[in-house]
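In the two assemblies presented below, chain A is common to both, partnered first by chain B and then by chain C.
== the complex of A and B ==
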């Protein structure tokens, strides 16, 4: 066995480091933190999709002396939540434009919740309605646009034996971390604030505080509390909440708690972007796809937030993991008067790959080929060239994950069986079973030049008292960051894992290692951690002439502390040109396949997903248990996306903004998930890991939809595949409205104040 | 009003309004923040505790209803002498806790299932934790953890 000798591969899997604290209830999440004398904060939000804010009226009959009120006028710095663009205000100013429902307008704080509740009722927003835009196809405001081209699409389509066309729509999806968003701000003795919170990216909040409060780096301190799930949903909105809590804390000179309840979290915070994707695919009778013409529109909601980056990933992944000679992909992201959409596991790829995979299954059906064979024919192989002209030089495992999934699920055999039972089906049958397959790729780390621009730093130090410590801003929110980093460093230094500490994620202590997003933690930050550890080892061994493990304590005693700051070094041979949008869009790709088996109730059209075989190429497995956990969790989120998770909107407001109405899968709804991990390493990092977080999210939904088709013969083009949509497809009646788009109440429609 | 509760084996008295949620009494009056709030409306199970041995969502229980009751929270599962409970240990080994926010509630539903002596089939375990939402794990490793703890219980006859 070579496993133990591999860099980064621990001997045996250590137990999750913070596991005991989480299991005994002693892990402290934001709402568990106690700050004596703290007040409670709340947010006054708009109740219209678009309007001019004329005035904020405080009821004079109410005793306001017990309540702190903050409006846009009280913001010391720029009234902007710092992100890609400077368009989103911290609070809508009087005279300014409300651009979506549940937009923050004013903040209140009080010593107790009852006073706060009462005060909320005594605030009135006076507004003048403006016509909102809900239909992304009617929007005239574009946040971003990318055009990719390879070969000659028109010639390719003209030469094809058959051209298949299809339009696919997906709606919003809520991250639904079980811990709601929560931030607590505490005034700092030397000016500024300390913000404790549930968050993924301490330095995003840090940057937002500096700009909004006009304070220096030292005065803005951000500390991550134990975080009860993120999935992208705590990437950007914590900047907004952190600013709100900080404004109230500075006003009251007390700690202020902004703890969202589920309703507020659902109503106001970011969701997965709805998308409309249209495909024209040219295919030859032998299964070779010769042309893909793809048009993709993402609904960004009311502000730019992270939409341009989500769009670029959606666009680059839109063709799926297939080497097609002629490709044209046009991606646009537009503004609508709905709450801004943002990051959610997969970051644009699940939307566009659902469309790509469903389209390919329809193409296979049109030429009478099996879904497995059409993929074998077209999947990327070593040396394949992507639509950004990236040459795939290593770690290409599309074929392998496909074959492993087909084998483990006995795809061909089961498919023959389901086809037979479909042929024999009688009106008395109550259920139908089906099997479906999907394949995906997922670019590891940031898109394009993102990582190089970020300039991340990780530190590993040997303290004067002989303790090895990792300093990184990468956050733990369930994935196991606090376990795998010590594992990597311990392996590099030849120490037991217990000998390596993790510094807390506190901007006063750790450098900016970039955000905990894009599945970049294990690959990018993990790689830098190993590099830093290696340099530390070399420094110590150079001085002591003995192996690190036996000499580091002596070295610390003789020589004092040693700290290595490791900056990100671009991977050799990886380059991207932003101007032409060509080159290596990602340093590496992960590959995933899923086979789903479903049972469709032929009376109610409800779908039960029975089992999923998930095969994921993660480069290298650092910790098998944690890695499988990522695949299983991501797979179930994809099943929810495919079958039940949908947000309905009325006048731009989320209607099902409670946990009673926004449903996610329970243990009873969850399929049996079999995970198979494949290792096709990325050569640019010492440990070969390519990340795992997002991969499973890309394949689950198209696999389930393919299985529904196998069971019933109906193609579902819109997610989620609800009973209504399945019934509509089978019975030939009109489907329910497209997902992700707001309906307009009769009053509003009568006023004619909607641009559609 | 004042109410008498036995929480994790310790008799306590709290003087609070009768409609105060048991969850708030535990978290804010008794400082037992292991029980979590994920929805406040009985849907997520993060606030699950045992009341006289039965599973209950503490966000929907006014304290007046549990006067004289015996309450078990996550803080009552491990003991300083024996360390992690068998179920907690199983969660740790199988990877049943990721972000950990659902874990206290899961543990109590799992513990009630173990205490019931029911046969630990996959379906029965899933039924037992169906009121506890987890967004991280896909439930696979949670089910494994309960099964593992049940297996060890049966082996040792404990």
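== the complex of A and C ==
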């Protein structure tokens, strides 16, 4: 891959800012931070999916003077983890309802871990069981609902040559960042707390602390420590852990460490939402899709968290990247008595686009058309109109990524070969090869009016001592924020990248640039950073009459510090109406295609993904190495989603909540990944970037499932496409249960203690 | 939030026997199972641990008295590197190569796998298929327990609390052939869904199979031998019709369960399909 230099543009792949410290082991993650006199905190959780909390009993035989105990009664502010809705408590109060198996009920802290371990065993929860709901289709509590319509679906279906129907189900997926969630709270001298932690969104934690502790903005300070991955898993749950650590710190007036181990992190923190998606597709013999009728249900788990926003993205993306005249998409998200689901790379789109792409492949098969041609026929082109009535005015690269992927993978030629070998297959054959294709779009940045409401700010300052510094709450979690922002500013100012500093992600120092989510950092905050740098350059050059690079030090000496605060300015011509849910759902779309080749063991139906060609349109590439790394990582995460990653539940509890049982691909399972970066820029930002983080996650799974079909002839409708499901489809053995839905233990079922 | 139990690390086997005789110690070899249990808070931690790692008397691979002998502390890495194992116990070498990753194989031991008594222990079906003899010892001397009688129930062994596993003997059998196959969730670092080990003596003249052993892991509460499948193959040549009878017998006798790794239906079906493949490979049909 080569990226040509263009004037005024950041190019090249400078060393990652935080790379040397990580490589040499000097980077300080939360658990590396030392606070003398600090105590250890722990969380007492429910062990029932749904119950009334009657009492919290502390064993009187135990010496509680050595232990701090915090319950809901000790919360100074609102007993709410601030998010979209005010439904999730920080701790379940006595008399309140426990809604899932991992729900926090009480907090303990002690000077050493052994005391804490003993104390944990001396706390007993008295509860009255209530009937839980596990099946989303049986749930009567709705968190959100969106209905989109374009054209006349019923007429479209009636006019079609053929109508194809299918139901697709996907389960939970764990983010599995390499560093577990971790927060440390330290009481501040002037009241309030400083919270250090592993997190994506400092100001989300800040907001949660203010509300839960009833303290002012200055008394709540949040500092990001080096963060070992997030993938959305550290978007909201750090608010919960930060509040827990802060409550214990305020109680003990000591630093308190809440460092989750992997088991607790897996058992309690948010996962990708399970989904059930039903499609009815009307198609003409020539391959034109004339109608899509789509019904989508997301399982939100026990509390609202970010579910309405996840649902909105899932719904808008549910038809896939195709310009279909008649579309109806009905999306709803419901409550079940399972741990809340939340953000994970792709944020609803991987679920609905797996269904859309697998459905389209089945449609193509039904009319005898190749998966490539049916996409050529229907993909969005410039001027296309989406189900929210958005007109695609620029940066439309669906066709380009499709053709590049088909060409690089020799899709047609390989597909002829796999078809021939399928025709000659005998029981002697051990394995079967297959090739599969998928195409996706991914809305760049927040959905709808989200960005305008957020009102983000980023600052670039020239300090009095002549240092150029970026002040932003956008976080580094391994994806490259700390490297690309200095690149963008350095390019704008004509400076070497080393001359641009990044201020620490500390709410006492940096403005609220919004959360580091939704692939918005490179596009939205990156664009604002360039705008700020441009204004700084103009201010300095206006005073000195010389180019910034040769005059800024003099300007700082003569004039003192200059700080530019750049607020988000809505992109011209981009508008969305929340009331009708129509308009420009996203300022731009990224486009991705993937072609997967798999080898399926014909005895065991184990799937080895051999290679994936990943073609991603990211608008503009800022740092080719980091960008390619994002595509490779997202692709591998999608391979895990497609083939092996599945949370199994019993009575609403995750059964495989350890790394021994929740398996992700290892290096041996990783395919050869060929990344092709396409640049179809977004005109609304100076650098044209559209983001890359989530895009590759949308296409990998449907490509792999299509390849499994090409190899074996079986369509797998449920993710992951495990050997158990493939064998059930081909041999007729009993299939495993649906992904993402808890089974009920015989005792509970016998008691009738369930509404399932 | 684990606590460290008290550890005693004797330097000689005699000392270790004396400590074992006092009881209440949990023996540990490489620690690859026990340490995960302790740090993960899985089950109550042992109060006292008897660390066997210094006991070189329990190390070494040799051929002696008509058997391949492996000390209980023989690591999976040592098995993989051993010429004697590759010659006389290739199925054991294959099994050792599927366990954990390099770090686990450097530390994990054959004796540990035997004593952990997991139904998913990858080497255990091989030991059953090769008619292994497990030599256990204590202050009162040594005795030998056949592998077929060593795992009487879920995670139980036939050893007494005052005894330690000393070595594993694999009797050398002329013309014996062995095959091994593990089915796991991913290509490394995975606990098995099904393990199958197959051994037999091929009659050089007639091509018939004698002393057939079909042993499996992860399909029952203990590693097991499949008696009906063995009977279907005994005295037969590896033809397609023999294979079909053996597969039907195997599928009929297995009673696996649904668990977090797989389903009963898959395990039963895949065990049959793998057995068919192994027989087909030998019969070349």
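One rule holds in what follows: the second predicted complex is superposed on the first by the 744 of 756 C-alpha atoms of A that agree within 3 Å, B and C clash if a C-alpha of one lies under 4 Å from a C-alpha of the other, contacts with A are read in each partner's own complex, and residues count from 1 in each chain.
Following the convention adopted for this analysis, a contact is a pair of C-beta atoms (placed from the backbone, for glycine too) under 8 Å apart; a residue touches a chain by one contact, two chains touch by 3 or more.
What you see is a predicted model, and the numbers here were worked out from it, not measured in a lab.
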With both complexes overlaid on chain A, does A:16 touch chain B (first), chain C (second), both or neither?
first
Could you look at A:658 and tell me whether it touches chain B, chain C, both or neither (first, second, both, neither)?
both
Classify the contacts of A:666 with the two partner chains as first (chain B alone), second (chain C alone), both, or neither.
both
Would you sort A:73 into first (chain B), second (chain C), both or neither based on which partner it touches?
neither
After the superposition on A, what does A:227 contact: first (chain B), second (chain C), both or neither?
first
Per-residue contact with chain A, leading partner among chain C and chain B
B
Examine A:177 and indicate which partner it touches, taking first as chain B and second as chain C; both and neither are also allowed.
first
Touching A:578, do we find chain B (first), chain C (second), both, or neither?
neither
Touching partner for A:112 - first (chain B), second (chain C), both, neither
neither
Given the touch rule stated above, what does A:632 touch, chain B (first), chain C (second), both, or neither?
first
Common interface residues of chain A - those touching chain B in one complex and chain C in the other
261, 658, 660, 666, 668
Over in the complex, which chain A residues touch chain B? Could you list them?
15-16, 18-29, 31-32, 34, 175-180, 226-231, 261-262, 477-480, 625-626, 628-629, 632-637, 658-660, 664, 666-668, 670, 672-673
Using the touch definition from the top, list the residues of chain A that touch chain C in their complex.
42, 113-114, 116-117, 120, 261, 263, 427-428, 430, 603-606, 608, 644, 648, 655-656, 658, 660-661, 663, 665-666, 668-669, 723-724, 727-728, 731, 733-734, 736
Spell out the residues on chain C that touch chain A in their complex, using ranges where they run on.
1, 3, 36, 40-41, 183, 185-191, 258, 260-266, 268-270, 273-274, 276-277, 280, 285
Help me check something: in the complex, which residues belonging to chain B touch chain A?
27, 31-41, 43-44, 46, 73-75, 77-78, 84, 88, 91-95, 97-104, 107, 122, 125-127, 129-143
